[in-house]
Amino acid sequence: ADAPTTVRIAYPQAGTNISAQVGMVLEKTDILKKNGFAPEMFAMSNGRDMKLALVSDKVDIIMTSEANFVVLLAEGFESYGIASLGEGGNMALTVKTNSGIERPDQLRGKTVGTIFGTSLHRPAIEWTEGVTGVKIISMPNIGALVAALESNKIDAAMLWDPHLTDGVTKGSFRVLRQEPLELIAISSKKFAERNPGALERFQKGFKEAVFYFVTNKQQVNKWYSEVSKVDYKLIDKVSRINRNYDKKRLEKIDIRISPTFIDKMKKTGAFLQAHKITTKNPAIESAVRNPK
Amino acid sequence: MFSPFVIALLLWGGLSAAGKINPFILPPPISVLRALVEALASGELLQGTISSLGRVGTGFGISLITAIPLGVLVGSSPGVRNFVAPLLNFLRPIPPLAWIPLAILWFGIGNGPSYFLTMIASFFPILTNTITGVENVSKQHLAVAHCFQASRTSILWDIIIPSSLPMLISGVRTGFGFAWMAVVAAEMIATRSGLGYLIYTSQDLLKTDRVLVGMLVIGLIGMLADTLLVWLHKRLVHWV
Amino acid sequence: MFSPFVIALLLWGGLSAAGKINPFILPPPISVLRALVEALASGELLQGTISSLGRVGTGFGISLITAIPLGVLVGSSPGVRNFVAPLLNFLRPIPPLAWIPLAILWFGIGNGPSYFLTMIASFFPILTNTITGVENVSKQHLAVAHCFQASRTSILWDIIIPSSLPMLISGVRTGFGFAWMAVVAAEMIATRSGLGYLIYTSQDLLKTDRVLVGMLVIGLIGMLADTLLVWLHKRLVHWV
Amino acid sequence: MLLLDCVNFRYPHKRHGNELSPWVLKDICFKADAGEFVSVIGPSGCGKSTLLALISGLLRPSEGRVLVNGTEVTGPSRTRVMIFQGHLVFPWKSAVQNIEFVLKSRGIPRYERRDMALDYLSKVRLESFADAYPHQLSGGMQQRIGIARALAAEPEILLLDEPFSSLDLVTKCAVIDELKEIATQMRKTVVLVTHNLDEAFYIGHRVHLMAASPGRITTTFDLTEGKPEQLLALGRSREFQDFKEQVSTIMNGHQEERIHP
Amino acid sequence: MLLLDCVNFRYPHKRHGNELSPWVLKDICFKADAGEFVSVIGPSGCGKSTLLALISGLLRPSEGRVLVNGTEVTGPSRTRVMIFQGHLVFPWKSAVQNIEFVLKSRGIPRYERRDMALDYLSKVRLESFADAYPHQLSGGMQQRIGIARALAAEPEILLLDEPFSSLDLVTKCAVIDELKEIATQMRKTVVLVTHNLDEAFYIGHRVHLMAASPGRITTTFDLTEGKPEQLLALGRSREFQDFKEQVSTIMNGHQEERIHP
């Protein structure tokens, strides 16, 4: 047999559902080994550092949210979107439960917190487009966003899961508008060129990993719960939104980057460029390498 | 005088041209220059510098006027030292990130937290050095002052401050450096201007050339401030 | 001795009980205590402390063995000073965040960047204070040493180091504090242990009680280290 | 009036565990009226500087009391001022600023200080170096700043710790005469510590001779008669020759005693 | 052999713009053979310490040259060693460590140093304070560490800047006799700066009298005859009385000259 292909994979260690669980499956099972890989797993903290690791050629594949793929392409880093992990939960424009605001258009003259550079950036602007005098501000992390919202320093905040579901369940926050956050696996072009055929093998293994996850939910969610200290039940609840979560057969697992997802990323690309956040509106479609 | 810069620049340019440096991490000098020109032309750089200067200046200024008096107090009174030193030593290593939620709670969003974080960062070097400086004032010179029944203010201004000046200025230099370091973390909180803002947004967007422009300006300001402080030191501590 | 802590604790507990403090931002003492007990029981806290200690220790150790000799060199030779000072002054205020990309490029992901970032953070206070300390060594004591034709090593160890010791230790104290500050930024990069990791993941997951546990341990370590350094200072600088 | 009432002193021990430090001064009793000049001589390390520090209030006696005009000395006061052995001028202050510092303590308003300070400097012949910093001055010049500084305090009791050790004969004579005149006019009490018998004899109405380990007063000379008008004329004074020989005999005796007790 | 060949010196100016600083020393010429003792006396601030610094090599002449055995002095050397005015002992080193420091410079191996250092300390009668730090010692004791330290360097030329100013008569006599013996035996050249005419006369084979502004040598006394065996016996020496009167007359003359030139 051929020597196993070395593959270095970065995934978010906490704070992003699905990516974290699938990453842990890749790390703790021998699925990739069976597919001819010698994997090295890096649990990283945020999209910024994963992007940096990818462009520095310290990792080959990162698992992250759509906005990062758009940015990588927009800045000219040659990379492929090789799989979708499906929905990682929701992201939502929220207010405090006792706030009088019911709809986004009531945010006139109000302050909305988000995190620039993440997937929370675009919806914050898009969903408040046309509301006069709305002020969009950036925070360093979710903790800061919640602190600001809780202490009434801002009127609304973009949040994502699991805090979103957690806060809503506990009755702290109310959702004004939400949409699923979609996750993507990105490979550097270098990796694909260095290892012909590896992408296909990886995609196969990746699909198996997702399958392992959804068929061993309890075990995997427990792993994740131990690391993140997020309640196991909450993880399960948030994960339910994922399209693969209840699949019972490997063939039913869908890791393709769907045309709708591509459209969404295109929209993001155009949006970022229109707001002068990126310089280029990248060609998304040609950078997508869906499994055969 | 600037030769290490010249060497660094040549190395950087040469290696970049030879394709030895990943341009996503360290773009060639020419693209940094281009980014610099663009940022200058759009007025964004000037405005950012002014914003950050304002934030750093305020935070650092608050540090100066709190850390130095506190340091003198702690350094000259064992009672005060025993009371507050444990708390100060406890707070010293707490990272800025950990302060952020409290900063928002106390100072809202806007410039408040920036002032607070740059203040926290520059506070401790100034404080520690002031305390040490004051504690190391010559016992003999103090005895002379007591012998002449100098007033407390006179002892402060005529003995303690001049004696501890070298240490104090050294702390101020370090503190100013750290205030700038902190401004990046600070400008993540609800600001949309400033060199820190420029750096961290550009970093998220992989615009490394713009990151470097921000670093360049921060570095230059630091150098300038330091030159000023060294000059001040030479003027004030002329007797050694 | 610990009275400011007692006051702070009472205030915190009282206001929490009265519902005056938002538990998302500052949970009541009792839940912090519970989180502390849990983190202790699971062994996670001990292991995290050891990991961070290792990283801080390494970075800070590298700082010590590079900044002190460099400081002595720069402080005692105007030639070296004129050559490297501008570069050092330029680098001093560059924020850790801005170093992250280069840290990843140079040191990969894993512990390398942590060592680098904690090193950077503690390097400059030690350096600046060492330089100032060396520059302020009594000209007269140096003249005595020259008169006796003391060797360069003897001048270093018998005159320069003892004279600048108070300033040096002051720099080391500040540096150690900053190394801990930096460890949070450092442990964002691909580590999954450590107090910094604990703090920022808990913050991201809104587990403020766990954030406070991390801060508590960092604060305690800082206090402990400082007590040690103050004791060392008293032992070494016994002649003032 | 200055009165030392059986003063004993030991330095608080710092480093050698709980073993008590030795007595530095033992049974020191003497008194000096206003206008009286007392000289103290004795071997190096016998406790002369310590004695002055006790009178100044910078140190407190371990046993016994120091009384000035009947009240116990509990701390330093501008009325008892010291010229320190080793000068201890402030290196960060120019000659004139060193004096102004004292004038400020006395509450002299700012605009009067410089002129007054220059006046004191001229008493020690340093007016032309008013704006020089100590590191630009010679040892003797620094010592003279110390003298002028003490004069500027206008104390009732002047404590002089080897104040003329770095001065040449001519300068010394001038400064001593200046000092004597001021002190006599203002009826100041002067305690002079010196190793120079000429000075001790010429200045002191009384000379206390000390011995070491523990520091104690062994002999007191009363010298109100037979003094020449000038320090320089001392060599021709019969009384001074007697004094000198007595002192050296006694000091040599002390020395012997220490070696063969 | 030590030779000063028309040495002029001014301090490089630091603060007063481009105005040149005044001459501190002007036309200093003298020579001293091995085994010769030279005393230098003169008013405070006339440049005596500066002169010693020039000989030691710590300062370089602005004009003229300092030669030792025919080669020009370009920097400090252990063969020309100074006892500094103001002692300048290292406060962070105990008495014995202050001496060991010099022995280390001489390349004495570590295990021999302490014993040797104690030996030098005993020459100045400080052996029982070997492990005390300067701040625990009296002024005179610190001065004696300075003396022992210079002796420990075993130099060819000893430069003494008011080395006995804080010592009492008895201690001084003992130290001077020790010093004289060592210097005579080893044929050292000694240059002594002092304000004490007794010392200058008793020690110097030759005495240079200096005047100030600019510092220059105005008179030289040759004193190879008529010296008593003991410093204490000086009072009875006819020659010394003559010397003393001459010196004071000349110095007073200089003084007058400065006031009414």
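To keep things simple, chains are lettered A, B, C, D and E as they appear, and every chain counts its residues starting from 1.
Everything that follows uses one rule, which is that a residue touches a chain if its C-beta (ideal position, glycine included) is under 8 Å from a C-beta of that chain, and two chains touch if they have at least 3 such contacts.
Bear in mind that the values here come from a model prediction, so they are computed numbers and not experimental data.
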Intersection of contact partners for chain A and chain C: B
Pair of chains joined by the greatest number of C-beta pairs in contact: B-C
Chain centre separation in whole Å, for chain D relative to chain C (CA means): 50
Interchain centroid distance [CA atoms averaged], chain A/chain D, Å: 83
Whole-Å separation of chain centres (CA-atom averages), chain B against chain C: 15
Residues within chain D bordering two or more other chains: 86
Residues of chain B whose C-beta touches two or more other chains: 22, 25, 97, 100-101, 104-105, 185, 200, 203, 237-238, 240
Junction residues of chain A, two or more chains touched: 52, 56, 141, 143-144, 147, 151
Chain B residues touching chain A - in the complex, by the definition given at the top: 22, 24-25, 97, 100-101, 104-105, 108-109, 185, 188-192, 200-201, 203-207
Footprint of chain B on chain D - complex, ascending: 56, 58, 75-78, 81-82, 84, 86, 88, 90-93, 101-102, 104-105, 133-135, 149, 153
Complex contact set, residues of chain B against chain D: 140-141, 143-151, 154, 158-159, 162-163, 165, 237-240
Parts of chain D lying in touch with chain E, wherever the complex brings them together: 11, 41-45, 47-49, 85-87, 136-141, 143-144, 161-162, 165-172, 195-197, 232, 235, 241, 244, 247-248, 251-252, 254-255
Parts of chain C lying in touch with chain B, wherever the complex brings them together: 1-5, 8, 22, 25-26, 82-84, 86-87, 89-98, 100-102, 104-105, 121, 124-125, 128-129, 131-133, 135-136, 138-139, 166-167, 169-171, 173-174, 176-185, 196, 199-200, 203, 208, 211, 214-215, 218-223, 226-227, 237, 240
